[in-house]
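Here the chain labels run A, B and C in written order, and each chain numbers its own residues starting at 1.
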C-alpha cells in the first residue's frame, strides 16, 4: 500500500509536468489549428536555455533560471511563428504543409542542441534535495514546487480564459477564426500572444522535466512529446480543460502502473489508454463541437 | 433535341423517385430542419425553394447521405435509405452537385468524369494485373462516353485541363457532367445556376430539360423563380426547416402562406439577380 | 575493389532502396492523401521480419528473436512486406476510419513512437536495443561473394527489385484504381457521393504502400546485415517525406530524383566525410539541419517538387465531334454586366 501511495505522489508530479506542456500545446492548436511537431524540441530548448542561465553563465538560482529560460523560449516561439510558420500557414490552405514544416523545425532544433551541447547528459545546479513526508506521500522539495507551479499555471490560464478580454478573444478565435476576425478581434495579435504563451509553457515544462528527472538530454522533449499527445488526445484535441484532465489521467496511470510492472513500459500504458479512448470516444473526453 | 415544355407540366404523379418523411436535423441545439416531408415525383423536374436559412442545403446533404438526420425517414424508390452512408446512396443511383463547386481539382476534366462510373473493373487491384484486357476495354468505353458528354456540355476542348483551373461557370457544368456520367436515376442539383451569367443559366436550363427527356428525375435547389417557372414541373417550398407547401408554381402563387413566407419577398424585391 | 567503389555502391543501394520507400509513401500521401507519419514504423517491421525469418533458430546465436526460420532471399523479403501490411490493417481499423487528417497524423506518429518503444524494450521480440545482426547475405555463399563483391551485387539486385516495383506501381497509378485514389485525395466527400467506398480504397492504398515500406526495410537489413532501433527513430519518416516532396509528389520519376537528391547526396554522402577533430558527430548534426532547411526552402519556392505531377492526357480524341460544341446552346442574351463576351447565334439550338 505504501508503494501505491508513493507512486500516486509521483503520478501527481508527472501529471504536473504533463499538464503544463499539454495545455501549452493545446492553446496553440486551438488558435492555429495545426499540430506543432516541434513542441517537444521547444521543451528541450527551453530546458537548455535554463541550463545556460543556471549552470553555464549567470549561475542563477534554478527557479530564477527556469523563469528566464522559459521567457527566452516564449520569445523564440513568437519569432518562429512570425517568420516561418505563419507565412507557410497563410500561403498553403492544407495544414499538411505547415505540419511538415514543424516536423522539419523539430529536426533543426534537435540537431542545433546536439551541435552546441552534444549528446551527453547534463544536470542543473541545485541545492541538495531533502525529502518531505506529506500524508502518505514522499516527495522532494522541488517536486512540491513543480506541483505548485503547475496548479498556479492552470488556475492562471483558467482565469485568463474566463475573465480577461484576451481570454475571451482567444476562445472566440478557437471556435471560429473567420467569425472572430469579422467581429473585430485582432487575430494576428492573439496568435502572437498565444505562441508566446505556448513557447513559455513549453520552456517551463521542459525545464521542470529536467528537474524532476534529474537530468536533461537533447531528445528528452521528443520522447516526452508522445505522452503529451496521449494526454491531449484522450482529453480531446484543442480543449484546454480536456488537456488538463488528460494530463492527470495519463500521469497517474503511467506512474501507478510503473510501481507494479516494469517501468520501461510506462509509454505503452499511455498508449493502451490512448487506444481505448480512440475506440470508445474518438473525439476525446472533452471534445468541443467543431474540433476533433 | 430538347423538348421545351415551358412550365406546361401535369400535376405530380403518385409515382415517386424519392420520398422523405419528417426529416429533422439540429446543429449544436439549433434546429436547421424541423420536419421536411415531401415526394419527388419520378421523371420530373422538381424545385426546392425557400428563403435563406430554410434548410435547403441541409436537406440536400441529408438526402445525399453527407449528413445524418436526427430523426425521420427517407426512401429511394422502394428502398428505405434512412441514414445510409453517402457512397451506398450514390450506388442506388442518386448523384448530387454542390452549391459551391467541389471539383476534383488535381484531376483533369476528363478524369473527373471517368471517376464517376460505378463498379469499374479497373478499381480492383487483382483485375489490373490479371484481367488487363477487360479493364482496358471498359476504360475505352468509359472514355468514349465521357468525351461525348464533355462534347455535349461544351467542355470538350478543356478535357486535359486540371479542374481547379476552370472558371466558376465551367466548374458548374463539370459537376453536372460528372453527375450525368454516373448514369443516375436521380440527380440533385444544389443551386446549379447560382453565380453564373444569364447566357449560361439558359444553357444549363436546356441541359436539365434534356436530362428529363432522357427519363432522369431531377431535384434542384433554385432561387431564380423565372427559371423555376420555365423548367420545373413541381415545386416544394421549405420555410424554417419544414415543408410549407408543394405543387405547381402557379398554384403556389395563390397560396397566402407561401407568398408571405417567401414569394412575396422575392416578387416585391423583384430584380432577378 | 577499392574503398571508393564500396562507397559508390552503398550510395547506389540507398538510391534504389529509398526509391522503393518513396513509392510506398507516395501512394499513401501523394495519391490518396493519407498522412502516414508512422511510415518508418512499417519500414522497421519489414526489416525485422525479413531479418528474423532469414536468421536461423535463435538458440545458440547469442541473440533473442522470434521466428528464426532460415528462409532464402525472396521469401523472407515477401514476408517482411506482408508483415508491414498486417500492421497497416491494424492501424487502418483503429485510426483511419475514425479520424480526420491532422488528428490522424498525431495518432500515427504516436503509433511509430510506441512501436519503437515496444521493440526497444521487449528483448525477446527482436533483440531489443541491440537489434538483429549477422543476418545472412543473400546468395553470398552460392555465388561465393566476398564482403567487397557483395555490395555491388546487392546494389544491383536492389535495382532489379526497384525496377519491378516501379513497373507494378505505374500500372496501379495509371489504372482506374489510381484515379479513384486521387479523387479521394482531392476531396473524399465528393468521392463518397460518387459511390466510392472511401475506407476500402484508403485501406487498399495503405496496404500497397506498407508492402513497399516492408520490402524497402527488408532490403536494408539484408544489405547491412544488421538493424537496430537507432536506424529508425520516428524522425526518419520526415526523410522519406522530404524525398517525395523535393522530388515531386505524384510522379514516379520525381521520386527517383528525390531519392537521389535527398537520400543519396544529402544524407549518405556527407556520412563519408571525416569527422571534425574534437567534434564527433557534428557533421551529421549540421547535415540534418541542412536537410530541414532545404525542405522548407523547397516547399516555399517550388511546392510541386523538382518533377511535378503530370497531367494525364486523354488517350484518344472523339472521332465524330459535332461542330457545334462550345457555344451551340448560347442563347442571344446581351450580358448586362458590361462584359462583351462574344455570343454565337445558333438558330437551331434555341427552344
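Observations, loosely collected:
Note that contacts are C-beta pairs under 8 Å (C-beta built on N, C-alpha and C of every residue); 3 or more make two chains touch, one makes a residue touch a chain.
If you're wondering where the values come from, they're calculated on a predicted model, not measured in any experiment.
Set against the C-alpha centre of chain C, every other chain centre is closer than that of B. A simple rule picks the central chain: find each chain's mean C-alpha point, then take the one closest to the mean of all protein C-alpha atoms, which gives C. Note: centroid distance chain B to chain C, computed from Cα atoms, is 39 Å.
Averaged C-alpha coordinates give centres for chain A and chain C that are 32 Å from one another. Chain A and chain B, compared by their mean Cα positions, are separated by 48 Å.
Only residues 1-2, 4, 6, 64-66, 85-87, 90-91, 95-96, 98, 102, 104-108, 110-111, 114-116, 118, 120-125, 128-129, 135, 139-140, 143-144, 147-148, 151, 154, 156-157, 159-162, 178, 182, 197-199, 202-203, 206-207, 209 of chain B touch chain C when the two sit together in their complex.
Contacts from chain A toward chain C in the complex involve residues 33-35, 37, 84, 87-88, 91-92, 95-97, 99-101, 103-108, 110-112, 114-115, 118-119, 222-223, 225-226, 229-230, 232-233, 237, 262, 264-265, 267-268, 271, 274-275, 278-279, 282, 292.
Put simply, chain C touches chain A in their complex at residues 35, 94-95, 98-103, 105-107, 109-110, 113-114, 117-118, 121, 234-235, 238, 241-242, 245, 281-282, 285-286, 288-289, 291-293, 295-296, 299-300, 303.
Taken in their complex, chain C has these residues touching chain B: 168, 171-172, 175-177, 179-180, 182-183, 185-187, 189-198, 201, 204, 208, 250, 309, 311-318, 321-322, 325-331, 333, 335-337, 339, 341, 343, 349, 351.
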